[in-house]
């Protein structure tokens, strides 16, 4: 029993959870910005994947992983824009557009991989992101272990969580965005430039997913692998909902998924007398229990999924 | 100065012409009333002005210069402000947030909420428009919501204010307050366009009146040169009976009894407090009150859409307090809901599918819906209740508001109910339709049905109800057979009628 | 098969075998990558129907059902299958005694993890193995690994876990790191493309990884201790040669250490360990050591 | 002419969208140095070129019909069931186990019985998300995603622990002949499942168009407040529609086991449950629309095989075209704009 408690409270578990959570957090907050703009985003999965691909491509072409990250950002922004174009301008059903985007991007990345690297499965290895050790912080006992040494995207993630929260709840942009997500017509009558804000928000969403993808391929590993997002986009969507369409909540939910996953990995190796599959289920069962039990009843943005047609 | 001039404005929706070559002049500093039936094109015209719609033809001159106003942002910059017919408020945001969104005071790039609050407070003091600055919209009354809407416009320093049917949801006292505000605005040099269906209000407040019918201008008159009768004729195109004929009826046994009904809300607040009502056969009992005082909750409790906290509801001698809605309907409840689009209709369904909503069981054989029966029945109801549409396969969202309401009423009155719960049955419908609906309700009364009429329209209550209960903050504060309008208004606003005044009022009643 | 091409392991090894054959015997080949189990049959029919091919090779155990049917339907066509048995006269089946290579790398790990003067080795007597998914074929490897560790009988323990995905290298890496944190300094990844994450983790934290199927040493020359070799490339190449030489036989080839189809690669293994391994290998081939194929039996 | 256009407006838009997707696809094919004509003729040939290919197209269509219907049914009550994958696994598993243990029954009893058992297993798996949504408001998107993972793990656990065939493969033994769906054409693996699929389409179509229960479920989806007003228990309806949805997803698994694989094997699905989402929305959540969309996907998938084999064009371009089809079909406004030009 104490073995289990040991892993539950082990600092390493918490620290691993930070690493595991990064792509989820980026994508989940990407989800927040999209859905606060009223656009249901099932395309997170594809956006993550594309970001991962673009990151590796950038690093492959230039040898500089930071340029890879820049590629991922640009790619994310572009896909965010395309998604906005379809869901807003062409009034596509958001769910369909998201699913379509996922399939499209899976196909494109795999296809390009064959052209570029001659393999459907994995790209060549490229230069990944280095860990950065923060001098003072890393020598403090617990905090140092948790936050002392990560690559830049991990630190960026923490910044993004806080900045996103500030943007959403403290800036004019955020206030307008929240108005739009609830009631586009009302936003219109307030003289708010709905389209501009929606597009900006979705592009931002794409950029965040791009960063999440870049973390997978450049931060955590240093190559691209077919379909390497492996369902993280859907988990991120769940985290966005679970977290109440709030960046802090999305972070919390992502971290919970990641923590239970890290826990599950460690418990597998304990040779407990519990079937391995049951241990692997822990993250999923726990999520359901928390969601059903915690009575977190945040409402989705009232205008989510709706199209607003102007008569102009 | 002609502050606004519409020149031959035409707006179409598909083939339907909502505004047909409208010419209209608004003078600076006047209160100009726009009058017209449902669907006459009033809102559409104003939306053209406010940049929400772009007209197909015509020009708008602002301050005697041609202006292309192609979005609300531009309209606001030009000093226009609009208080919309359907409130444009975000329930989950605070009043202040609602007011400042789009034009936020800044501090270091962030929204300066402190300053925002101060500014809102300042304007609200200045114009006597009291609002709680940090309360969420979902927690404030409709009257206060409207004040927020006005503040939104004033905050944006509008010079020209458009009010689209602002009085539909207000008590007489609130209407008076609003009119005071309007006069004050006018005194400070603002120009006001005021849309309403109500002739009396028009006579009261406006300097000039323009009547629209079927998308066309019928005429503009000076208010001092006209009369309600004339305006009504201009609106409808025929003489309208402004009063209903109510015959005496035989009142029978108790049909519905509500005993000590109480309801507490989420935060343990009392929404309804010891409500007692009894309604007999052949009787219309009215519930008067400003919306937001528990009418909706009462309606939902009686309909079985909400669990009561304590108390009993008895229908035809049977305790139905804990019986689900469906069974209540089978035992003879009919319900005209206050929000027809939210509750009473499924807007994506066609007419036939809507006509069986709530009666689906009676049109089912072995689990299958009987299409033929339904269509026949639907046709019959539509004929009887004059629901105008192109075909039974039309979806309801293609019907005009008045026709939608007639559909609901037709459905609910055709099932041979024992008890009719009619909530705001004429909300937002025009004079002609009101007349029709009132006659149908009286018809039901004549057939010995028991009717509970929940309404915010005093005229409606006074002319239809046999008895009126006034509800205020979840409590029945008064129960009488006869009231004057003033008295009702005071009671609805939670004010006691002063002793001396009471005598005078009773005197007047006797003389009536 | 599971994980798909680009795993730098099983599937790529099979492809390698094709290329080898092409070079050595001047053959032509086509290949296809089905994306679902239900598609195997469609592909096999398409290949067989075209009558262009002298040999059709199914890579991966889950093609057995499809191949059984198709080989009956096209009795004149030669087939081969890797990792599973199909009892038809026109099918050559190649199966491996997976536990044998598991044993070798497990034994090697146990011998290595006590050499604490190596910077990549810690004090803990713990080694690990990570499977792609919990399926019998992988479990045979794990069981072999555990037996090998037990055989060393030097107090070293083995832990094991599963990625539950053949192609999620990020998760493979995290799983490896979790083992490393728990004290394991040698981790074997038998997890398709997810296994690439195992090697990446070892490289990053500077401990030992063991590769699978092919020699993955080039991925991290300082950290890939050895590889649990499965010479799918040779097998494929030999199967092709048999057809060319007219020696094709529809029988079952059960391959292991003895045939050199399984084994370990030298990479970073020191002399003394290799010596021990060779002794054990002889004993296995001689039948003196019997290795269980399921984890339950090891326990 | 114009009248005909009006009547089939949506259909024409969808068709144009597909054409457009192929046009964009051809640019990509050309860019990567292949012959467009060769590619598309291989694709067409692979999907419809001969009887065998056609049967393979139909075979690939069947599971998508079921999972697509499952998603569509969820949508009818306003619920987004992403859990088709897990429900299908449970269905397949239960079907295989039941067929193996009930092998003494004659085919005419066994086949319908295990089919229903498969469906019910799917229902059971979808019950919890529906129930939690109704009782606690737990968002079904989150819970169904989690149930997918749990479902796949649990079938794998039960299989390995109790039901595994004696071989290194994670699969059950073959189900008895009597439980297998008869093939329509020898060797095609196109079985009676196609009729079951069409039968289910008809049933679902009638269910939502003609029955009271269907009407009630749909009303909840269209307007929950109105449904409650009409005395419809919306919680009950949501749970029910989730269970029907799960039942149909379970049938996807059952028919694969009974018609194609003849046993349960882990990892058997390439994501039919997820593709079902696209199929449902592409088919506008209408049963016959789902058939059309599933067939399109099945054809692309099957044709892609020939394209890959004989035109040597990577399968992934097929995936790209699938994605484009979905995107373009989702955006009729785009098509309208293009058509007007």
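Letters are used for the chains, namely A, B, C and D, taken in the order the chains are written, and counting of residues starts over at 1 for each.
In this section, a contact is a pair of C-beta atoms (placed from the backbone, for glycine too) under 8 Å apart; a residue touches a chain by one contact, two chains touch by 3 or more.
On a predicted model such as this, the values are computed, not experimentally measured, just so you know.
Ranked by C-beta contact pairs, the top pair of chains is A-D. Centres computed as Cα averages put subunit A at a distance of 34 Å from subunit C. Centroids of subunit B and subunit C (each the mean of its C-alpha atoms) stand 75 Å apart.
A separation of 45 Å divides the Cα centre of subunit A from that of subunit B. In terms of their C-alpha centroids, the spacing between subunit B and subunit D amounts to 47 Å. Multi-chain contact residues of subunit D (touching two or more other chains): 153, 156. In subunit C, 33, 134, 164 are the positions where the chain touches two or more neighbouring chains simultaneously. Shared interface positions of subunit B, defined as residues touching 2 or more other chains, are absent. Remark: the chains found to touch one another pair up as A-B, A-C, A-D, B-D, C-D. By the touch rule above, subunit A contacts subunit C in their complex via residues 10, 12, 16, 19-20, 23, 119-122, 125, 216, 220-223, 225-228, 230, 261-262, 265-266, 268-271, 276-277, 280. Chain contact summary for the complex, subunit B toward subunit A: residues 13, 47, 50-54, 70-73, 75-77, 82, 84, 88-93, 97, 100-104, 106, 109-111, 152, 156. Of all residues in subunit C, only 2, 30, 32-33, 35-39, 41-43, 45-47, 49, 61-62, 64-65, 69, 73, 83-84, 95, 98, 133-137, 140, 164, 293 touch subunit D in the complex they form.
In the complex of the two chains, the subunit B residues touching subunit D come out as 303-305, 324-329, 335, 337, 342-349, 353, 356-358, 360-361, 364, 367-369, 371.
Contacts from subunit A toward subunit D in the complex involve residues 42, 86, 89-93, 95-97, 99-108, 110-111, 114-115, 120, 234-235, 237-238, 241-242, 275-278, 280-281, 283-285, 287-288, 291-293, 295, 297.
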